[in-house]
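Paired with chain B in one complex and with chain C in the other, chain A is shared by the two complexes that follow.
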Partner chain A sequence: MGPGLFGYAVRRLLWAVPVLFAISVIVFWILRLAPGDPVDTILGRHYDEERAAVLRNKYGYDEPIYVQYVKYMRNLFQGDLGVSTRHQDFTVSEVIWPKIKVSTQLGAMALFITFALGIPVGVYAALARGTFLDPLTISFWLALDAVPVFVAIPILQYFFAVKLGWIRLGWEGVWSPNIIMPVLLMSLPGVAGVARFMRASVVSVMHEDYVRTARAKGLKERTVVVTHITRNALLPMITVIGLSLPGITAGALFTEQYFGIPGIARESLAAVTAPDYDVILALVLFGSTLFVLANVLIDISYAIIDPRVRVGMRRG
Partner chain B sequence: MSNRALTLMMGFVAVLILAVGGVFVVILATGGSGDDDGGGSDRPSEGSTPGKSSSSGGICNGDKLITFGSDPASVLDPIQVRDEGTSEYVVEIFGGLVTLDLDLKVVPDIAKEWKVSDGGKTYTFKLRDDVVFHNSNRRVTANDFKYSIERAADPANGSPTVTLYLSNIVGIKERFSNKATDVSGINVIDETTLEIRVNQPSEYFLAELTYPVAFVVDKDQVQKNPRNWTQKPNGTGPFRLVEFTPAERIRLARNDRYHLGAAKVSEVVFELGGGSILTRYENNELHIGGVPGIELEAVKGGNSPLSKEYRPQPRMSVSYLAFNVRKPPFDDLKVRQAMAMSVDKERINQVLFFDSQRVADGILPPDMPGYTESVSAYAFNPDKAKQTLGESKYAGKMPRIVLTYAGQGGDAPDVLTAITAGWKEILGLDVELQASEYSAFLRELRRGTFQMFSAGWAADYPDPEDFIDKLFHSESVQNEQGYSNPEVDKILLQARSESNQQKRFALYAQAEQMILDDAAVIPDFWPVEHLLVKPCVKNWPSVSMNVPRYRYIEIAATEN
Partner chain C sequence: MTAAAIVAEESLPAAPSMKRRMFLLIIRKKLAMLAIAYLAVFYLCGVFAPLLAPHDPNEQRRTVEEVRQPPSSEHLLGTDTLGRDMLSRVFYAARTTILFTVAVTITGGLFLGVGLGLLAGYRGGWVDTLIMRVGEVLSGLPTLFLLLAITAAFRTRIDDAAYWLREHTWLGDDAKTLMQFTIIVGATVPFAWIGSSRIVRSLALSIREADYVVAAELYGASTWRVITRHILPGILPLFMVGLSGSMASIAGAEVALSFLGLGITPPTPSFGNMIADGAGVRTFQATPHLLLSAALPVVLFFFAWNLLGDALVDLLDPRMHRR
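On to the complex of A and B.
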């Protein structure tokens, strides 16, 4: 990594700070301006002003919003994400970290499978262009993408669990066989998208001069496909992979719901409906941070892979 | 699609998934060790290899009951509990002076007897001397109760329920508003004698003491670990909490020393994951299953093997539509009556619920002490309804009507759609349905913003006062419909201090009938929970409220 690259990376990272700051302000205010607060839900139909005042005081909701915000940020910088109003005996980190971990592990496996299948399928389809095998392959994966998960899940669950008795559906940890089906359900629908992108990318480099040159030099077809075509076609794929990375922590709501997976999607839904202010904020900030970081990383990796980007960067 | 085609398609998908699954297992086996977060050794489900037979298999061999539950909405601290889902756990872990038995009668728990003196204003409880906390050998004494109730009333602890259920105790309100430093109405006479003074003689005071906010907690534990003690609470109930992993599970283990008789099952596991409860039940992963509305017909149908395991569980609650009598057109009794008479509850029950709900002919559910069949709501009568609406002062110049319900958007609940369709068809009334997010709904409900709304009420304790007085006394906070009838108020006031149970119930019945005649609300259903219970689960108690019940259950492998 050259000095130019390093400076570029630092600049990009510094830019992330005001972005995240703006997000925190907006989300903090929107949450508190929405009608109904956690105390409304806690007291429910048994609401009375006296108890509400005691509770608002306990959680600090009775202070002006900017005071609450300053206090929140002060705690945040000390690593304290606040208290969950649903689980007051857990800190927000204790509530969300285990869930982020579960979702990330499953998401990473799913993402790996998606790309591990999608890239070869895309290359194959591109090479088979002009024959019936191209549309057939792509359509097959598109069909898997087209079935909504909330339709597929109950059918598959019933078939494999109740009819065949092969699997259990409960949550027994990340490293139990029970997660095979949810992970496949999270990964297979994405294959079509990756394959189509890869196919387009391969098609665009297939007729480049350097490919023709490689063939003319008498290189083996295998070498041409792997080294000259696929490697170059993978370059735009980096953006796709990079932008999918923060997504792996996002969880998959339907899959988590149907398989009882204690992941981040279910947690987010529960936090929003509660509403559990500090948990919602922590989740939004976490997600935004990842997204911003992923974008920076993509730009940096572009610079590493493609020298042309680096040159332009030094100038700008 | 034909069955054959479907089978073929499923087979095709299965082959594909298996192929990819195989690759995946290899990846998993080589790449996944190290991190063992979710898969500790202490799993409730031994032997993760699924049985391939379709009989109840392994699940009936052990003595652990595996059921489903909801994620607690608050910490498992008796003074913080405010919803039914959470109190289900808390009543098993903790105990108080008195408890409810399966017939919802107030029975001794830690207090073995009590006497009432001073014209109903002083209760003297004699405590058992053999009750110890779960994780320490410390005996529960009268001091523990004084501490626990004063802790509940301490405003710093912000209990959402203390002034709701215990405000009759002398000094609770003063302590909660920080005007006193202790609760003057609670006196420790000696280690096993506790005296509680109340402001008003009341027939349901003992029932209020069965609510978690009056339960006893371990002072030593709470003071040593004020923030986290609820993760391993030291209670006195029939079960102790051994695991609580949010969104995953709650495990309760039998308290062998439980003074009212130890439980028969060694453990109760509540799976909090939600998801496909019915499928998991069918897959023998759960002893107790739930039936979602759309599956009711399939499950209840005669040829489903599940029909024999179906258990309807009536809840002590009522769902209703309420009119805001302060807003036009509902300030006119005729409009309310006409609308009440044009809700065909029987047909809705038949079509939407496959006859599995109980049509509400009154406000008090049948499980409620003091329920009487003589009370009745307006019967479905389209002709009379049309006629009544014609006599209303709004006839021909009906303002816009909006019915608000708590919901997350999407389609309105089928029940509401069906009811409004009925009003359109019979009365020609256009009633718009409007969803409102829950906490905003609650806030606007209190402010009396809604013209008409859909709501429900579940019993806090089994006494008609909890429904009739709380929802319809003109000064009650929960009287969101703004209903005010001085006659009803008078009867309710009289009932509050009537000491003869039969007379008291008669007063509530009288008030209930007047409220129904005034068409303040349209009660539609007394909800029923749809459960499935495996045949090997014996003595599954049918009880309409959250009372300690898991200690009665037994798991016995059956011949089936």
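On to the complex of A and C.
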């Protein structure tokens, strides 16, 4: 990591600060702009002005919005994410971290399967270019991508749980066979996208001079495909992998809902509809921080791998 | 006939136009042809729903004999929980999907996406920086989550506005649908322009340097003329390809929101709220057609756009033609 690279990384990270600031202001503002607040939800049918005023005062909703924002940010920098109003008086940290953990474990498994299938499928399709096998392979995965999960879930649950009795529905922890179907539902639709990207990438390198040289040297076809074609074709894949990494923490709404998984996506929807201001804000900021960090990491890893990028950086 | 004209005439068949090349290549792709055929049927059914629908999509027949009936010659896709003819509702749901995608692609994709992309690419400088940074911030936000937040947050306000419109205008009961439609379009558009504007920007950057653009500028053509006559025609084909690839996800946003009850709500037919009626293991076990009749047409719609998008990307990517 040379001085140019280090400076580049610092500049990229510094740029993240105004981006995150803008996101926090926008979300804070949108939430307060909407009619109704958490106090309405807490009191529900027992609403009366006096108790509402007491609660608004307790949570600070009676103050001007910029005061609320400043207070929120001050607490945030001390590691205090605020309190949940939906789960009354649990702190936001207590509400979100266990659920993020569950969603992340499932999301990581699903992401691994998506790429473990998508990359070989893409290479296979690219090598089969010109034959009917190429469009057939890709279309098969595109068909899986076209079925919304909320359509697939009842059908699969009926066949595998009710009719065949192979699986049980319901949550028994991350390390139980019950998670096989949710994880497959989270991973298989994404295969088509990865495969298509990989296919395009392989096609663009498979006629390069170094591939022809490798073949001319008399190397085995297997070696040419794995070390000369696939390895070089994987380079642009860094962006795709990097950008999907933050997504694994977000959870999959429909899958969590229908398989009773105590994940963060369900909590997000509940927090949005409640509304539960501090939980929403914490989730959005958490998600965008990961997104921005992933972007920076991608750029840095490119700079490490591809020297040309580094040269461009010093000039710029 | 001058020599130049002869040369031009002779060279014509050797270099077929972009349109002709695309046409030939699509014909070769049988899957893409199937996809186009299905999309044509889908769009025709949606546009001519009032003429084609065998029944009134909202006519309820709540008797035991009429409710949740499996497909029959009278009701080709069966009837739903309120005894309404599902085929007719599918036609009208197709109409909802078409209206939504057209609204989003015109405002978000074409108007904002191409407009801002051209501006950023052709003008450059701080305009470019500003537009691209705003896009970066917006794409940093979790999209579906924000869609949910916006639609949920504005719900009561929408209901008030819909009520006012119903009382004070000729819209009547359509007012509610119109307001719901406006809010989901409004919530999708801010995210729909980013992808296409990036494509357009990078294309505009490269075309700006092309000889014919520089020549037009030297002749004193106005910025407007250069953009509309010289740059736009070079960009549109690729823009359409990008659009066809993202069509399924745009339409999918409405279906998912309506499924959750945050988009178009009954009685207005939408694939999302029809699928919601048939979802659930028990419902599927008892009356599978409730789910299948509603889901199949829209799943095929997504699939067809995916196939078409995939085929088109392949045709236009220059890297793909190198042998």
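Going forward, the second predicted complex is superposed on the first by the 314 of 316 C-alpha atoms of A that agree within 3 Å, B and C clash if a C-alpha of one lies under 4 Å from a C-alpha of the other, contacts with A are read in each partner's own complex, and residues count from 1 in each chain.
Keep this in mind: a contact is a pair of C-beta atoms (placed from the backbone, for glycine too) under 8 Å apart; a residue touches a chain by one contact, two chains touch by 3 or more.
In this text the structure is predicted, and so the values were computed from the model without any measurement.
Partners chain B and chain C, once the complexes are superposed on chain A, run into each other and clash.
Residue contacts after overlaying the shared chain place A:Phe77 against neither chain B nor chain C. More residues of chain A are touched by B (comparison of chain B with chain C). Of the two partner chains placed by the overlay, only chain C lies in contact with A:Ala22; chain B stays clear of it. Contacts of A:Gln157 after superposition: both chain B and chain C are touched. Legend: residue contacts after superposition of the two complexes on their common chain; A:Trp175 is shown touching chain B, with no touch to chain C.
When both complexes are overlaid on chain A, the residue A:Thr273 reaches chain B and chain C alike.
Contacts of A:Leu253 after superposition: chain C is touched, whereas chain B is not reached.
Comparing the two interfaces of chain A, the one with chain B and the one with chain C have residues 34-36, 153-155, 157-158, 161-162, 169, 273, 275 in common. Taken together, the chain C residues at the contact with chain A in this complex read 29, 31, 136-137, 140-142, 144-146, 148-150, 152-154, 156-157, 248, 252, 255-256, 259-260, 275, 278-281, 283-285, 291, 295, 299-300, 302-303, 306-307, 310, 313, 317, 319-320, 322-323.
The part of chain A that touches chain B in the complex is made up of residues 34-38, 40-48, 50-51, 54-55, 57-58, 86-90, 95, 98-99, 101-102, 105, 109, 112-113, 117, 153-162, 164-178, 180-181, 183-184, 188, 257-262, 266-267, 270, 273-275.
The part of chain A that touches chain C in the complex is made up of residues 19, 22-23, 26-27, 30-31, 33-36, 135, 138-139, 142-143, 145-148, 150-151, 153-155, 157-158, 161-162, 169, 192, 196, 200, 203-204, 207, 250, 253, 268-269, 272-273, 275, 280, 283-284, 287-288, 291-292.
Interface of chain B with chain A (complex): residues 10, 13-14, 17, 20-21, 23-25, 27-28, 32, 35-40, 43, 45, 48, 50-54, 71-75, 77, 80, 82-83, 155-156, 158, 160-161, 163-164, 176-177, 227-231, 245-248, 271-276, 279-280, 282-283, 285, 408, 437-446, 455, 457, 477-478.
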